[in-house]
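Shared between the two complexes below is chain A, which has chain B as its partner in the first and chain C in the second.
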Partner chain A sequence: MATTITIDPITRIEGHLEIEVTIDDVNRQQQIVDAKSGGTMFRGFEIILAGRDPRDAAQYTQRICGVCPVSHALAACLNLDNAFGIAPPDNGRILRNLVLGANFIQSHILHFYHLSVLDYVDTTGLLDMSPWTPRYVTADMATGSTASTLVGNYVAALAMRRKSHQMGAVFGGKLPCTGSFVVGGCTEVVTAEKVADFRSLLTELRSFIDNTYLSDASTLASLFPSYYTLGVGSGNLLAFGVFDLDGSGTHKLLDGGRYTDGAPAAFNPAEITEYVTHSWYTPECGNKHPSVGETVPDPDKADAYTWLKAPRYLNKVHELGPLARMWVNGEYTNGISAMDRIVARAQETKKIADAMDGWLDELVPGAPVYQQSTIPEQATGVGLTEAPRGGLGHWMDIDNSVITRYQVITPTAWNASPRDHLEQMGPVEAALVGVPVADLNQPVEVLRVVHSFDPCLACAVHMVRPGDRARGTKVLIHPGIA
Partner chain B sequence: MMMLSETQQHRGVQTQSCPILVLGLGNILLRDEGVGVRVVEAMERVDLSPGVEIIDGATAGFDLIDVLADRRKVIVIDAIDGQCEPGTVIRLTPEDLVPQGNRGVSLHEMGLLEALTAAGQLGVAPDEVVIFGVRPNNVSCGLDLSLEIARLVPAIIELVLAELEVTENKDEG
Partner chain C sequence: MRISRRGFLKAAATAAASGKLTPAALCKLGDALRAEGGPRVIWLQGAGCDGCAISFLNSIHYATVDDLLVNTLDVEFQSNLQAVAGDLAVSAAEAAGAVPGYVLVVEGSIPTGASGRYSYLWPGMTTHDGLLAFEQNAGFILALGACASYGGTSAGAPNPTEAKGVGEILGSDPRLINLPGCPSHPDWLVGTIVYLITNGHVPPLDAHRRPLQFFSERIHDNCFKRRKYCGDPIFADHLSDVGCMELLGCKGKHTHSDCPIRKWNSDAAGEYGVNWCIGARSPCLGCVNPDFPDGMSPFYEYLPEPDKGGRMKPED
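Our next item is the complex of A and B:
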């Protein structure tokens, strides 16, 4: 007999996510037959930015998320560079890459040690207080000395995350949110001393990645090989590309690309469409390219179950993230699954950290770090890059020198998206179907699959509507209140 | 009893060279609430022995765990909410503190006591923790300490230095 379980909130992620799964017997195995992924918050950054100085976008959009703010800073600056018609000098381009790289390293280490690995380890008797309890415990979890080994680097990983951000702050001013990303480049100057400071921290981080992170990821994979066959999802992958290696915009450390219906293909941002069939927005917001996107909330909409829109590429479901990036660049070809996402993420961390050492050598102390510019009266812009969790896009219209439209599509919007106009499930939803659940009271398998995507839904401001106690925790920010 | 892996080569890299930590906590946006941070900012100019590290811990909770890990001694300076006059400075230990009532909803709820307990669960608790608690005079929005508390900063620094000297004498003796 079918049972429906709702896990709300999903913990050990960034932001607010509700997962509903229906579990039934299939060929005498208890497994997930249906899934719904719901983003349970709305803040309206796109609405907030309307009417503001375009340059503010680089600061405001960072507040979308405290784990991946630098990606938003970069997407906004690329958007502004595009709209203003300028390009950063090499130093500026490299500084942006270095600070973004520092944020990637912090985020990936966080994901493995502090968000993911506890799904696979029984920490009863080890970690018996909040924030580690209450928790699921299942018979297949690692125990004893194996558990200790996997959790043993928890504190070291906290220190490494802090060092990553200290490193990024050398050129970012401060992290999580940086003040040094501006249209036309970066505001922090390059000195030999700063380069040395950055490199010293990078060397420590690379040692941790090479000797500890990669080996712990490998240990986890060897203990749970079944997760190489679980959490597959749509099988389609999409990357926008990130870390420009020169000023051309077409030569990156990780190029953009696609893997659709089993074949590689090119990425053309014009082929993105967002749908709102099952999202809490008015119908006019749907079936739109983000350059003409709208954000008009409708929390009463029938058949809707999420604040996330459903981004699709040529009407097909695509997954974004480290696995997608490494795959389309030919760097990871093992497979697509929950465990492949975890292992590919670790390998990507090494690739980026190693490249950063070379980028430091390319910096020229004293050379310009940004290009001056003036705000255009009227313009459109687009900024495409990658956050740790996948491709990130910002689109903007400027009129009368202020923002008249700003649209953001985050990677988790793709990954945790609801069904679209064709009732195709989003990647997380599709990845859950077919996953066996051993114990209905301890559905940790759901967490293992969801966490493999490293969801980042960003923190909410919760406001309950007056007089509506029966509604529970749906939230709405009234436009006009910043 | 927690048994952690022995291959912890990255843990304690910092604390081996700096077994003593002076940690200033607080929110500098709320005037005297930030007294701990203002004290350690002032201490940057003081000559301390090489085994002592000064850190501005701001409003971190969970993120303090690796900063506290494996220290021989931690001296914390923070504003306290206690039954005493504003401007009073008290020496406390963690046993004197009352838990904040963590509902387990958000990591933002974790304070110093919870971070110390968590560090204990992870097997990396510092050996000794001393807290200099300062009863604030004014915790309204602002970046400056109130005059009454600002005047106390040199005296608080003297207390910390005296505590450091006691620690060093104990080590040598």
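Our next item is the complex of A and C:
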């Protein structure tokens, strides 16, 4: 008999996420047969941005997300550079890459150790205090010396992610939320002393990545081989590309691209469309490119269950993130699954950190970092880049020198999207189907799959959960007969 | 189970040596920490970005976050770090909330539009209802960051969700301490907790309920850019130039915080940070002000001080 459980809050993520799964016996195994994901918080950033000075977009949009503010700052700056018709000097481009890289390292370390590892480790006797108690203890969890090593590195990684932010602040001013990203480049200047400060921290972080993070990811992969076949999802991958290696905007450390129906293909941002069939928006908001996107709520819409729109690429469901980036660049080919996401993320951390050392050599102390510009009377812009958890797009219209339209599509909007006009499930929903759940009271399998996407719900700006939900519900994983 | 409090005491001693904690305060701190059970913390997140939680993870000046979590605080509910999800996480929060005397940390704004339904803590519990439930047994209430303090960016015009700060919901509550900033500095949170442990009462506050310890001095008065060119003022023509950035939109003259001294992203106990916004030649956004962001933007435009009735001269 099918049972539906709702897990809310999904903890150890950024933002507010609710997952509902239906579990039934399939071939004598209790597994997920249906899944829905929804967000529970809405702020309306796109509405707040309208009417503002375009230059302020990089500061406002950073406040969408405290984990990946630098990615929003960069998407906004690329958007503004595009609309203003200017390009930053090489130093400015490289500084943007370095601060973004510092935040990627911070985010990936945070994700592995502090958001994910507890799904796989029995911490009894190791972390016996709140907020790590109460805890899940399942038969397949790592124990003994492996658990002890991973918990020890959980603590060490807290210092490492702090140092990543310290490194980013050398050129970013402070983190989270950098002040130095502006249209036309960066404000912080390049000095030999700052380069040395940055490199010293980077060297320490690279050592941690090489000697600890990569090996802990391998350990997890060898202990949980079944997760190489679980949490597959749509099987289609999409990357926008990130870390410009020259001023052309076409040569990147991680290029954009896609992998659709088992074959590589080119990425053309014009082929993105958002659908609202199962989202609380009027039908007119659907079937639109984000550059002309609209957001008109309709909370009473039949058959809708989320305020997240469903972005699709040529009608196909695509997953975004480190695995997609590494895959379309030929850097990772093992497979698409929950564990592949974790391993590809660790390998990407090394690739970025190693490249950053070379970028430091390209900086020219004293050379310009910033190009002055003026606000255009009328313009449109687009800024495409990557957040740690996947491709990020900002689109804007400027009229009378103020923002008249600002649209953001975040990676979690793709990954946690609902069913679309063709009834295709979103990537997280699809990845959950077929996952066995041994104990309904300890649904760690659900958390492992959901966490593998590194969801960031505050980022998914369209999301609301306004439904008239029952007050006073005490049992939140509530087995109910479906 | 508490492993050791030595690390926290050591960090506090270093901080005391650097003038942030008096020896008398340190004695009190030692007594407080030797007593059984550290301060209990319930940390709720409303409509925000979790950036203040991430900033808290950068704590090291007074104590590192692992030292705080393992040795000093009982963080009984914090969604980013909580081991369990769903009903177990909610019952942990509810059990903690039933025992009076905890420190309630609120991060993010409180949407009040649509009966609060723009932000849920968990099924059936809007952030607004959650605040009203958990404030009842709180010993102290810390509104962390611009959003929780005064609404912040989440309440930016036209404020689509009618978001408010904690003080707007609770009114004049003697337990409330605002720790604004976008994000808030980890030292402002941890330093305030240290004060609460050692003194047992709310620290001296300004009119906006911000601790004077961190928010009493005007940024412009301590700014190296101004000091350096005092007497022969140089104003930056463009971003990234040398000189005072007031004409480029810097809000340091209208903003009180210890950013110029404390700086951000410190690397060691007792040490100040490696950089800050103005240090990176970008203008102060005025993010600790009650009218951030609307009253502080356009961020890159010189704004006249509203209560002075017009465009001010660049100099004092």
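Simple rule for what comes next: the second predicted complex is superposed on the first by the 451 of 482 C-alpha atoms of A that agree within 3 Å, B and C clash if a C-alpha of one lies under 4 Å from a C-alpha of the other, contacts with A are read in each partner's own complex, and residues count from 1 in each chain.
One rule holds in what follows: contacts are C-beta pairs under 8 Å (C-beta built on N, C-alpha and C of every residue); 3 or more make two chains touch, one makes a residue touch a chain.
Here the structure is a predicted model, which means the values were calculated and not measured.
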item	value
Three-chain arrangement built on chain A, chain B and chain C clash or fit	clash
Contacts of A:212 with chain B and chain C, given as first, second, both or neither	first
More chain A residues in contact [chain B versus chain C]	C
First (chain B), second (chain C), both or neither touched by A:162	both
Which of chain B and chain C A:152 touches, first, second, both or neither	first
Partner chain in contact with A:53 - chain B first, chain C second, else both or neither	second
Partner chain(s) touched by A:230 [first = chain B, second = chain C, both, neither]	neither
First (chain B), second (chain C), both or neither touched by A:317	neither
Contacts of A:131 with chain B and chain C, given as first, second, both or neither	both
Chain B versus chain C as contact partner of A:308, first or second or both or neither	neither
Clash with chain B, by chain C stretch, listed 132-140, 168-176, 186-194 or 294-302	186-194
Set intersection of chain A contacts, chain C complex versus chain B complex	127-134, 155, 158-159, 162
Of chain A, residues touching chain B in the complex	126-134, 145, 148-149, 151-156, 158-160, 162, 204, 207-208, 211-212
Chain C-facing residues of chain A, complex	6-16, 18, 40-44, 47-48, 51-53, 55-56, 59-60, 63-67, 69, 110, 114-115, 118, 123, 127-136, 155, 158-159, 161-163, 165-166, 168-180, 182, 184-189, 197, 368-370, 372, 443, 447, 458, 464-478
Interface residues, chain B side, partner chain A - complex	2-5, 7-11, 13-14, 62-63, 65-67, 69, 102, 104, 107, 110, 114, 117-119, 121-122, 124
Touching residues (chain side chain C, partner chain A) in the complex	1-2, 45-55, 57-58, 60, 64-66, 69-70, 74-90, 92, 96, 111, 114, 117-124, 129, 152-154, 156-161, 163, 182-183, 238-240, 263-267, 273-283, 285, 293, 297-301
